[in-house]
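Just so it is clear, A, B, C, D, E and F label the chains in written order, and each chain counts residues from 1 on its own.
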């Protein structure tokens, strides 16, 4: 009796499983490429905002270099990360560097900083934060254009002392009622510039090395 | 100074006791008619033992105790029994209950009576019997038959006798003035109690410190008698039995237990006096000290009042001004209940009639919402959470109410007194207690009904089975017989079936006729009822009120309708029957 | 092995799902047989809450059958004698919202009633005795009958069978013993009525 | 002769709910005075605005429910809620902030539950938190205390204040600034002594934070009056203040750069005293028994400290009170007093008492 | 150790599954008007949540990942949940009839509690290890229990409140939950 | 059960027995994804599709599974539909998929679906079951969108923002901003707002129902007293 019940029920369920497996697996194989494509596009989008498509001709997502461990602390990274290189005609023109500041009003703020190889900023975007809606969240481009203020700035423009909020004698605006968030972001961008000035040569060398590999793989 | 304990909570309402203490205990003229309710105490109502028209003497027993928790009643004065019927009585409901009315003959003749001067030589049993026969029920509150409290049979010997002279309610001075004027007799009463209880080691008279004269009056009598007069700070409700026990002994009565189980007895001072009169003077309880007070009365004082005196009689002799009176209260302002009519009589527990003016006790303002301020909890002598009780009472959540110990509420009213939102808390509790008790009662009833139903089902089943068994037996017998006849005749089974079918058809035929008979009978019944109703209506037409007429007309119409119904049913039946018959013919 | 399966998406999905399906199917089948639920204590608990009038207004022959039906999912609002309070109690037991009484089965009576047989009209037919579910009627054939008021549940099942209509349902008298304080009026109702404060002298006095 | 059937007791104490509320309003005067002296006219304007809005909302809803408006307005509870909300809001907040807050308090937190006595959450604090979350800029713009105003600058006068509130003029430079708790929280990396020396909010203070210490003393004084008049019992406030003090002693940490601050600072900054004596004492939404109020108060104290020290918000009285309101009915079930004649305290969930 | 504490505080208070993340709302709204049953429900849910977090971790790591069937997570996890619930029921019924009497009625409801599936899916997408997954499961259950129990005590209190008619029942429960979630916003930023 | 008519099914799904407002099922997505109209619409449509699909299949197979495995079988069917929906959304509306996140797979437990499969589809014919699924889904979708619209409008002061996530680039311009650029009332888009607005929606529905009932009551006669009755004591001879 028990065995019979087990067998019957097991068979019914197995038949179900069979049918669903077929349906799902086919759906999966039909959508797989499309999904991969969408995922890629989404990942690219942030990078493209910083280095628009007109400025480069390589695949930003593929052209990556790991960050050496000794720089992790400077960039606020706990488990490392990848730098994306933008090229035009094979020549590296800019690097997109991930960075995290732990000093946000409510925890850390993650961003990506695009730096041209001439040391100027190509663009900055905040990718993750938990700042107070309405106050600190203005670092997000969705809420305010403040983050665009950094475009074309560099370690000499303004001088290192200028990399702070106006309240503390810097050149950048704070937000009404919120100083901590912008200050944290500004400081981290400056740190990232510092990092870049120290490491850009190695990046360039590595980029040249990578070029061959990338050409190879794209030939396939 | 004996050590006293402090109860939690409590309130200090204005005392207002001086008004009625300016004059000594007075006496009222005997009212023309007295009304003795048969139920003035906790327990079964007494059983009338007189007849209308019978003459009675003062102190003569007019009703017997029924069962163990009950007390007899006595005629408060001499006169004639003029009625035994339901009358409004002193009860919160304002309802009526059986009462004996005595028309006084003005002579106030005592029946023969005799006391026992040297009670020390009588056995406790005899004394308790005297107390029981004297109709003494607690005069301090609930009206519990005192004799029962005093009878042996407690699990443990009584080691503490507490005499409750607290009188913590405002306005009331009945006990106070009784002590001032009758201290010696009261102490003698305590002696009787002590003797009955086997000389408990502790005899304490508990009294609030706002009665210095009473304390002074008691002091000389208690000197080296083993009785201590313990005074303690005035606070309402120190007089509650449980509270007093705690104040005097520091012990709490476990919830749901009686003082006797803790080896204590608590008796009101007025009861003590009544016991003395009963034992030493042989007088049953037919009068008590009652305070008549309140600004709607010109005269505020205590009276030795005959039980059964209508309140209106008291008012009439107190310069009562009805227009000024905001309400009429029997008892004190904290626990007393309002009277809807002044015709109700004074009973054994009536310690006060309060007729306040509007400025003294204004009409209640409508209740505001409870803000859970907790003042009530601060005031509650039982450490309950009145605001939660109120809340759950509104939500009708009986489980939670019981978990919050609703039944430990002594209904003292301290919570309502302090409530800034004027919520009639105590009424909510009383209502909920009533509902819970009702639900419990219904539960018992429904359990009983279930048992009976199950029994009924079982019986039916059994009957069915028996029938079945009998049928089977009969069939068997028939078969046997058949077998033997078949064996004898060799054939005939077909014929048997036919006869059986015929018999069945015949049996069926009877039933329509029976039914017809039934219908005819019911028509007869209905006709009779119509006739009766018509007669009654005709009779009533002359001298009844409209309302009653309406009722009767309705009854008549109902009867007519039933008649019609019965007739149509009969007609239907006959019709059907015809059809059936014709079908059968086809 | 695993890799080779993973290469075949459909096969992989199939194996995983069928595997899980067989596993759990077998398991549930086993459970279904082995742990069949027997006896339902909830029926007893529901029956405890029903008023036991045994009147059949719920459409079941007695309270217990109705309790059984509730336990297997029937609506809880079919018992007029129990009324709203019974519905609430059952709802709280079963942890479901309390509906209103289903009018199809009758209305909640305001007053409890008991049967009363007008003895001078009773012809002693015993029909009412058979009808009474709790054996609350005393009597024998051809002798007049009486109702034991304390036993009567007020179901009025005996009224209809009586051939001479001598049974009345009388409201149960409420005496002093039954009386208890009614709940105080709600403030909103109070103010709406004419019980405005008599004097504004204040209570400070 | 016919008389009314009225339930006992017949006598009543002189106290009534209206008087309780009025007394509470009077008791806010010292705190309000300190606020006005330290921060200008803003709080007064807040209060007037809040009271008007609240009373109108309350009346409207009572009317909608077809209840007697006059009777329910007489209890003054809407005014109390409004005043407490007005006191809690930053002075010179735009008028619509005050209006939205009052409406939320009265309509959603109070009247939807049936009005006075039924609301499970403290209405004033609901209003406050809604505003804090919705309008963080307006809610975190505080006024600089009198003593720290830059030279030549003074608090706006009454006319100018009204302009700021209603017409949206912005106050002069230096008139707005951080509160001590805010400032302390964001001076991370400094040891406490450094903060006390560098930050004028502390360096110029008598014992806690400039301006705020007086405001807290004002509310403390009002609270003591209420305690003395037995409007509430000591359990809640004392438990809360003790819990804050205890927590800040435990985590004081010698004043390192990680220290969340001294007990004195926590007791006399922000809404500590107002919270202890005026907010958590709201009888309606708090626990009922004395023991329950001890637990309730202590819970608020601990939560206030936790959020102040490690959370996002510089002050946390409102959140802590709401969280404790949420826990209150549960606390009530387990903190019944021991009733006369019972050996043990009961739990409200017990069906039958344990033997 | 500190990491575990952070996981617990985060999942119980800051990211409370019911009030902040909106998971498990149906049972939260549905069954919690009696304190006693809320406590039973809480215990059962916490138990099942912890167990499914563990079991789905195992299925994910040892079956789905190696086979490259991440897209089958939903279906696999829901099967795991059904099985765990059934197992729990059987287990309790057999070992402790007393406990079963308390928890029995709540168990089937848990299958449809989306906090259970939600936690399994979230854990899987967060690349946690076994210990962390289990802790998140437990924390989710504890957070669910906390608000469920407090909420039921509060709803019991609301039984006597004079709530305007249209708001009685579900509406006021929603609003109360809203105010509760307002209060929970105070925890933001704690870790 | 099978004697319900199509019009009853329609009315049930949309109003009388609305899954979100009356049955209080599927609350998690209801509250979680209604920060804006587009999110609500996205999840609503996915739910609707799954409901119709699963109801149809369940109704088709209802006579072929035993009680013991009925529930797991239904769950598998629903989960399969959900996974399909998930994969499709991931492929074609990736951004929306990212926003709705975990709530798409959670359509499985979305008790509304399970409740429907159990309560209706397993007892009715295919056509009716599909219709029921559609109507319930529509009722759910309607509430989702209503909530989304209210919260978006109150909270961020916009309506139909980001519609391009669902309808392609042309939809970007559909956005309305009735209160101007700077308006924001954060609480409405935060979790508390979700609860509060839902509470108000339920209350509004209750108020309308009450008004309707009052009107209907005024017209109807009193109920028949003791209409359905049965003898508890068997036959009286």
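Basically, contacts are C-beta pairs under 8 Å (C-beta built on N, C-alpha and C of every residue); 3 or more make two chains touch, one makes a residue touch a chain.
Keep in mind that this is a model prediction, so the values were computed, not measured.
With steps allowed only between chains in touch, the distance from chain E over to chain F comes to 1. Across the assembly, the mean Cα position most removed from that of chain A is the one of B. More C-beta pairs touch across the B-D interface than across any other pair of chains. Chain C and chain E have centres, each the mean of its CA atoms, that are 34 Å apart. Rounded to whole angstrom, the centroid-to-centroid distance between chain B and chain F, based on C-alpha atoms, equals 59 Å.
Separating the CA-averaged centres of chain A and chain D is a span of 44 Å.
Chain F has its Cα centroid 33 Å from the Cα centroid of chain C.
In chain A, the residues that touch at least two other chains are 5, 8-9, 12-13, 16-17, 20, 24, 28, 105-106, 133-134. Taken residue by residue, chain E touches two or more other chains at 71-72, 75, 79, 82, 156-157, 162, 167, 169, 172, 175, 179, 182, 185, 188-189, whereas all remaining positions touch fewer.
In chain C, the residues touching two or more other chains are 9, 12-13, 16-17, 20-21, 24-25, 28-29, 31-32, 34, 54, 62, 132-133, 181, 184, 187, 191, 203. In the complex of the two chains, the chain A residues touching chain F come out as 5, 8-9, 12-13, 16-17, 20, 23-24, 27-28, 31, 34-35, 38-39, 41-42, 133-134. Per the touch definition, chain F reaches chain E in the complex via residues 21, 24-32, 71-72, 75-76, 79-80, 82-83, 86-87, 102, 105-106, 108-111, 114-115, 187, 190-196, 198-200, 202-204, 206-207, 210. For chain D in complex with chain F, the touching residues are 100, 108, 130, 133-136. Per the touch definition, chain D reaches chain B in the complex via residues 1-13, 15-17, 19-20, 71, 75, 77, 114-118, 230-233, 283-284, 286, 288-290, 332, 336-343, 346-351. Those residues of chain C lying in contact with chain B across their complex are 47, 50-54, 62-64, 121, 123, 132-136, 151, 153, 163-166, 175-176, 178-184, 187, 190-191, 195, 197-199, 201-203, 205.
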